[in-house]
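Both complexes shown next keep chain A, but they swap its partner, so chain B is in the first and chain C is in the second.
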Partner chain A sequence: MNDLRRPFPLGPRGRLLVAFAFAGALSYWFLGLSLSGLLPARGAGDQLGAFFGAALHPAVDYEASWVPEGAPPFLSNVGRAMLETLLLAAAAMSFAILLSIPLALWTSTSFWQRQSRGAAGIARKSKLGRALLPFVRLVIACMRSVHELLWAVVLLAAFGDHHFLAVLAIAIPFAGTLAKVYSEMLDEAPTDSSEALAEAGLAPGFCFALGRLPRALPDMTAYTFYRFECAVRSSAVMGFFGFPTIGYYLKLSYENLYYREVWTWLYALIVLVLVFEAWSARLRRRWVAR
Partner chain B sequence: MALSFDRASVDYGGGVGVRDVTAEIRPGEVVALIGPSGAGKSSLLRMIHGGLAPTSGRVVVDGREPSQLEDAELRRLRTGIGVVRQDLGLVPNLSVARNVIAGSLGRRSRFAAWRSMVLPRMPELEAVHARLERLGIGDKLFQRVDQLSGGEQQRVAIARAMYQGPRLMLADEPLSALDPTRSREVLELFVELAGESGATLVLSLHDVELARACVPRLIGLRDGRVHFDDASERLGDDELRSLYRIAGAPG
Partner chain C sequence: MSRVEEIRRLRREAPRSRFLRWSGVALGALVVASWSDTERWPFALFRGQRVHNLERFLERELVPYPLRNGDRGPADLFGWARDLFAAKGGEATLSTLAISALAILLAAACAWTLGPLAARNLSTARPAEDLQGKPESRAWRAVRGATFALFVALRALPEYILAYLLVALLGPGHAWPAVLALGVHNAGILGRLSAESVENLEPAPLQALRTSGARRSDLIVAAVWPLSINRWLTYFFYRFETCVRESTALGMLGIASLGYWISDAQANHYYDEVFFFVGLSGLIVVVADFASARARRSLREGDKLR
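And then the complex of A and B:
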């Protein structure tokens, strides 16, 4: 007999929502948060005004009263930093993609299916797959759970200051995230085409490569572009460790209280991300959504 | 390819699957499975290519029982069976040529299969093109499947099954998405292609009138059992109508 009564007082979804609301309220109270913290302290109003006022007049030249002879023009610094930021992100992403592909394959259940019989969900995994899968999942979890800034700290402490370390610091956690999401996209891709190929007598490896992978590829491409955008932001922040990306100059300007320069750097980052977004949207339209 | 069902049953636990089906299909025969939804048509078809194992009884295809075969043997058997699924099972973002070639890779060595997919050779493309021409979509050879209409996609799926050079063709509700005129055209095409290649053809159909007009032998299924199994010209209207009669309703 089906129980048609309404669950009382709340269904599982309702209980989860209430639990989240309660957790939110609890953390608010526990951290002593109060909206009055957002109001400027007495006397700090001037500084606040100066900072946001500068937003309307971003610097186009050095704000410092004295600039050493032979220093490049301010705007050429901006252009160079934007380029460096993009290059660091591109290097990190190409490394991360290469690293993530084997990891993604090894962690996706569908890759290890070695039986032609039965529905995709209940097909048996190969022995090697069953042995390797939990281990690779653990490796990926470790790569992901440390933020790129912490990877930078760790790598800098271990190996010293080198450009390749910034690349690695971004590439490691990004490869982990890419691998996890790729493998989920592969496992959740529509199964009709790989089943059809299995029914035509193709070996499981071919069914995966020709039936399943192409179905997941558009989503994987779109997600990769999104991660590239994230890499651009991370690469900017890597400047805080001395790599000559936007973050490096942003930090210098901020420490010197050159607020108009700070805004210039922020705008440069926004422009960079927007231009990248527009470009990647165009590519995606051409390749993916037909 | 010869087929036989010997008291084959499928028990889904609870619902009706297939009950005690016994039937013989000779090589080159064209047979339609007809009956209301849930009568067991798809289950019968899936038992033939080994996608579903009978819980009791036997299904014998070309002298072998698909459900008893080792994986590699099952794959070998399947390379000789062309299946046109109801959902077609095409890869939408690959070209028509690659989709058609992919279906035939089960017979090739690993290396030859990859080469065919990455760089199909000229004679191969010509053979695929000839198949597509036969189906009236020769000009779509290098188009992506998702740019084609539903009817064209169905022809690609038929071309893929035919390109396997099958001795048995299976089609599950191949007309369900088509309008009546188109339906007749496609069904006649199936029967014609099977006749040309001498392949056995088993399809499941909803439309009884159409089946009777185009297919020489009809197996009527109801609640998983064989309700009738006869040449279509011998089947009377009453017998056909009784297939769809609701149990307990006045006849």
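And then the complex of A and C:
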């Protein structure tokens, strides 16, 4: 029956595949790509060999022939940069969480709900809250949709160099994302406990804080850890804008063609990311499936 | 037992984990250490010369060029925006979208073919069967471990750093570094997610096929792909949206996306143009976000692809 009705000899999955192939071909054509672009650039063939050859021999000491008197050992620099990367991520995340909490509460429906006896979930928002809601949503969308590096460009142009700007550049988009996800999680949390509390006669604020919030908290914590992981990566990349994280030293070594140092920095970043990923995965497992 | 004692008993018997507690301590210490560095405190931003710089930035540099001298109006502003869009913004917008589309398609092709190899229920000597405590084959465990490690390695480095390395190795002036960087990183992410969703498939359909004589490849083509495609597509659209966001920034490495014009305008100190292109990038991310949310919602609501 199905086959007789089909105007097109492909099922929905087949059509999807065709659409994907078409989109891919269109993009390929628009970008003017060619497969020869995948070969190393002219004159970079030797460089390519040198670069990947260095992967097995990461530097444990400066590669430069002359190092100023009193410079700290190379590996202590690596440790410092790893710590600095973590610290920037921690500062940015703590600031982002702080920013996101009011935004998340404001945009979640459940925060404004008054749970009356019997009829749970009748939304009665305060007038001001409702009037400003689209505006707050817009602010969150703006925070979220501009990339942290673009925030860094704008902030550095506005204020000049300052360490807080790296924190802010990461914290703004991360706060937007956290606010959106937190508010969705609050709205999707099971309502049974808050309904029970409303039944017992508790004020709506308490129903939310003691009934709704604890049910969403495990998911919120798990997601926060996932974002922390992302913040570590972003913090490393911030180094490209002159902040003393791993990216800064990576760029420096790469520009000087010290490939063995480059690989040390890459391995340092990979170790940092993997340790953090393993830690956060274990924490999330404990938290969500307890 | 009185109620107070009851509560005390419950508190005493609540599950506790040393791992969780020490993790909390470590995180707290990190946050305290990060803010104990006074160089990170924001207060200096609003003192001395910086205030003048900020004022100049907001009152002059950020103001769109035609509005600066006060003798022209919003009509000129529209013309300015239109000219910028026609000369640079339009093509860069399309490039940004094309880079993300190609990258996510490459990532999905890689993840959807290799993903099942990292799934615990398929990547065994007897796929989809209950092992009942029998030792599993070493070869298949190695295959699974290798695929898993590959996904971890692919996603370990951030896209921006991958693209930075690739620009030097593949040469500037084309979009391959951005496409490959985004593709590689997202292949690692989509790969892990698709392997997890294969592990969470209901075993019954797979077992039914097994008992009627299907091989592993039959299982993948006839059951795993059709059963997982909805879930995989929601991941696909979710990552597409982050790809668009990321590829706007990758342009700052000299690749023809919106970021290219942002760094170009920044180098010339045309901060009104920086603002315009940053706004444009925000806009296309919002649009991609909206489209992806729509697509994911329609995938969740009906199983249209079965």
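Quick note on the criterion: the second predicted complex is superposed on the first by the 233 of 290 C-alpha atoms of A that agree within 3 Å, B and C clash if a C-alpha of one lies under 4 Å from a C-alpha of the other, contacts with A are read in each partner's own complex, and residues count from 1 in each chain.
Convention: contacts are C-beta pairs under 8 Å (C-beta built on N, C-alpha and C of every residue); 3 or more make two chains touch, one makes a residue touch a chain.
Note that the structure is predicted; figures quoted are calculated from it, not measured.
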Let's test your reading of the overlay: on chain A, do chain B and chain C clash or fit side by side?
clash
More residues of chain A in touch with chain C or with chain B?
C
Check whether A:211 is in contact with chain B, with chain C, with both or with neither, and answer first, second, both or neither.
first
Just to be sure I read the superposition right, which of the two partners does A:192 touch: chain B = first, chain C = second, or both, or neither?
first
Partner chain(s) touched by A:58 [first = chain B, second = chain C, both, neither]
neither
First, second, both or neither for A:153, with chain B first and chain C second:
second
In the overlay, answer first, second, both or neither for which of chain B and chain C A:244 touches.
neither
Considering only the touch criterion stated at the top, classify A:279 as touching first (chain B), second (chain C), both, or neither.
second
Can you list the residues of chain A that touch chain B in one structure and chain C in the other?
290
Chain C contacts chain A in the complex at 15, 17, 19-20, 23, 27, 30-31, 33-35, 37, 39-42, 44-45, 50, 53-54, 57-58, 61-62, 94-95, 97-99, 101-102, 105, 108, 152-153, 156-158, 160-161, 164-165, 168-172, 174-176, 179, 226, 229, 233, 245-246, 248-249, 252, 256, 259, 262-263, 266, 271, 274-275, 278, 281-283, 285-286, 289, 304-305
In the complex, the residues of chain B that touch chain A are 49-51, 71, 74-83, 85, 87-94, 102-107, 110, 113, 117, 144, 146-147, 160-161, 164
Note: in the complex, chain A contacts chain B through residues 114-118, 192-193, 195-203, 206, 210-211, 214-215, 217-218, 290
Please give the residue numbers of chain A that touch chain C in the complex, ascending.
12-13, 16, 20, 23-24, 26-28, 30-33, 37-42, 44, 47-48, 51, 86-88, 90-91, 93-94, 141-142, 144-150, 153-154, 157-160, 162-165, 167-168, 233-234, 236-237, 240, 247, 250-251, 254, 262, 266, 269-270, 273-274, 277, 279, 282-283, 286-287, 290
